[in-house]
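Take this structure first; my questions come after.
Going by the order they are written in, the chains are A, B and C; count residues from 1 in each one.
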Amino acid sequence: MNGLIWGLIIALIALGLSLIFGVMGIVNMAHGDLYMVGAVLAFYLFPLLGNFWLALLVVPLIIAVIAAPIERFVLRPYEGHHAVTMIATVGISFILQQAALATYGGIPKKMPDPWEVSFNLFGVSYPGYRFLIAGISIVILAAIWIFLYRTSYGVLIRASIQDQDMAAAMGIDVNKVLVGTFVLGSVLAAIGGVLAAPITQVFYLMGNDVALLAFIVVIIGGLGSLGGTLVAALSLCSLEGVLSAVLNPTQSKAAIFVVMIIILMIRPRGLFGEPEH
Amino acid sequence: MTGNLLEVVGVSMHFGGLTAVDEVSYKIGAGEVRGIIGPNGAGKTTLFNVITGEFKPSSGKIYLKGEDITGLAPDRICQKGMSRTFQLTYVFPEMTVYQCVWVGVYSKARRAGTLFFSRADHLKEAADKTMELCRLVGLEDKRDELASNLSYGDQKVLEIAMALSTDPALLLLDEPTQGVGPKEADSIVQLIELLSQRMSILLIEHNIDIILRVCHNLTVLSFGRVIADGSCEEIGRNEEVQRIYLGEITCS
Amino acid sequence: MERKGMVTRFALVSLVVLAILGVVLPSGARSLVVQIMIFSIFAMGYDICLGYTNQCSLGHSMFFGAGAYGAILSVMSFKLGLIPALGVALLVGFLFSFLLGLICVRLSEAYFVIVTAIISAVFHLLAMDMTWLTGGDDGLSATIPPISQRISQLSLYNPYVNYYFVFFFLLMSYLVLTRMIGAPLGRIFISIRENPRRAHFLGYNVTRYKLVAFVLSGIFGALSGALYAMTLRYASADYFSFYWSVLPIVWCLIGGTGTLAGCWLGVALMSLFQYYVSAWFTHYLLLFGILILIILKVSRRGMLGYLTGRGTR
């Protein structure tokens, strides 16, 4: 059950990662740190605003303000040079981590529970907040799906995933799509952080573990395949949830990792991966 | 099957819902120059890609010197004696002309034990062959130029030299005169004529004059299917071909 | 051509300078230079991967850590001599890079980057977790036997011996790698970098050569890890961290990818940067991140590349 909850959160983050790669061709090594920033912001905003829902709305705005200039000034100049752009995101990752360390501090802290209700599920007392996470994640995932497959903006983004040059040739403002995608991807990661903050320790390095999992998910699901990412996220996290009953966290990650290797040997592009980008 | 250098039998290539190549068959004998012609999008380059091993055909078989090479990887096919040029010049930009040709020469002419520690430029056999090829195509004085600094016409010639470097029995040329001026086109054609005396050539070309000058036989493709196959004269008289191409083909 | 000559001259001059510095420098600066030499071996090996075959690996910390532990554990648990311990480290590096390469080399560019990063991250976690083997974060300390059992003065505890021991390996690595790059192998690597598809059609099994490049870079990464552990008499799970995967890229980017010795410049600059900045600024990694962005702005192909007019590619 816990695994599924985390699966939804990881699905959000991995989705953002997959979008950024699919449209921009960039492997965003700072993605985990955007998650961390979301969590840190939630930590500060919740007592400030007194309302968790407000935090959920404000954080995306803050992230958008951070992410858009990053795309414009750091990433776009190297467009087309994917290895270089990826190194740039590594630089950003270090900057974000150290900035958090400097301001938030190096001690993991716990956030108060935003919804102090518990439910009785099969005789086990279950914190209501987790249902809230599930609910919100599902809503967001559904919203993203509707956005990508039912609106004209979504069509623009998906067209750019298929073929960026073609999209430009057809008059789509590719720059807007690039900024928009990067912001959307970053916001997804940050929301994941906001949702996860109350159920885990907020720590300046928390992005690393999550990023690792998100990358594994994206590789197994197939880079650029949004449906594959979702399936992989849910299955993997459920699997990890099951495994963590017998193994410690490191060992369960190693087990998931072995699964990834096996899948890669059989299908080098992930389960649902797209052919040549 | 014997006596034929290349035999393509019923090869089809489907990409998802699109059929790029549809049941194509033809043969090439030793010393033959065969042109592949047809409107744009007829599947000519895709056919090259399939024959040279980049794609495994959806159906059909390909035989080189009687051996089934269907589905083999491009490097194996190259080692077996088939070589190709590419439509857009596909060289090694940061290497010199000499080095570009050398890479292919070494691929065929390598000697065991030289890979890791011999000085590349001291291998006599490879060096001689490389110089000979540079002279043959007329790039001898430009051999120390970076490939990316060459003019377009020279790059086209380098393309051919690189395809020759692996000592092929069958050479596939994909629009070798595309985009070059008439004088350069003429020298390329002369080169092709020279080469046709020592190897078989499969040529994709749009320029009918060139086709008629060098080719013995033609295969005409349209929408991935063979609509005509025969000598130049026969094709020239073929009404369907005339319909496909605006105007008439007259044999010189 | 002229560029290659410039790099070779730079390398030879550097080697001569390094040979002299060993006796001239005060001890603090000398140990810094030893580190620079060790990392230069790592960087050269990595350049084979990145600069010569265009494989941007984010997993080389694995080989660095594996070499370090291979050496330390050989000395500690198996009581091997120094040279055999180095041999074990090289063997371990070879095995790790060969197995990892089999999985990763055939992956396309983005997958390759991510999967190498994932694999080294997982090994980092395992190394931190398996404290019985690795000592975890605290690491393992060992007493290092002398180079030769007969001449006990020839021990790495003597700073001069340590310096020239490392220098010897730098020199050997440079000669071996330069010879390989000048051999057909090097030219094949470059052709794969310039146009892998074309190289494939010219009769080369590109994946196999990429694997060779990957394994070579892993072996030299392990060598440098082993030398690092022997010099510090210490290895920790931290050697597997992502930082050690990022550093080689930064070294090569500063110094010039595809130049082999150009990255020494990158190593020197970064080591000096790290040495001085981390002394007065605790959040030195923040500047590290900013520095990465600045370096990328200056040139995508590294400073030596920029200086010899090949910057804009």
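One rule holds in what follows: a residue touches a chain if its C-beta (ideal position, glycine included) is under 8 Å from a C-beta of that chain, and two chains touch if they have at least 3 such contacts.
Here the structure is a predicted model, which means the values were calculated and not measured.
Trainee: Shared touching chains for chain A and chain C?
Mentor: none
Trainee: Per the definition of touch at the top, where is the C-beta contact count highest among chain pairs?
Mentor: Contact tally peaks for the chain pair A-C.
Trainee: Name the most central chain, where centre means the mean of Cα atoms.
Mentor: Closest to the centre of all protein C-alpha atoms: chain C.
Trainee: Counting only C-alpha atoms to place each centre, which chain is farthest from chain A?
Mentor: B
Trainee: Report the inter-chain centroid distance for chain A and chain C in whole angstrom, where each centroid is the mean of the CA atoms.
Mentor: Roughly 32 Å separates the two chain centres.
Trainee: Measuring centre to centre with CA averages, how many angstrom lie between chain A and chain B?
Mentor: Comparing mean C-alpha positions, chain B is 48 Å from chain A.
Trainee: Return the distance between the CA-based centres of chain B and chain C, expressed in whole Å.
Mentor: Centre-to-centre distance between chain B and chain C: 43 Å.
Trainee: Where on chain A is chain C touching in the complex?
Mentor: 21, 25, 27, 29, 74, 77-78, 81-84, 86-88, 90-95, 97-99, 101-102, 208, 212, 215-216, 218-219, 223, 248, 250-251, 253-254, 257, 260-261, 264-265, 268-270, 276-277
Trainee: Which stretch or stretches of chain B touch chain C in the complex?
Mentor: It is residues 52, 73-75, 78-79, 83-84, 86, 90-96, 99-100, 102-104, 106-108, 110, 114-120, 123, 144, 162, 165-166 of chain B that touch chain C.
Trainee: Where on chain C is chain A touching in the complex?
Mentor: Interface residues on the chain C side: 54, 56, 58, 103, 106-111, 113-115, 117-119, 121-122, 125-126, 128-129, 242, 246, 249-250, 253, 283, 285-286, 288-293, 296-297, 300.
Trainee: Could you list, by residue number, the parts of chain C that touch chain B in their complex?
Mentor: Checking each residue of chain C against chain B gives 1, 179-180, 182-188, 190-191, 194-195, 197-206.
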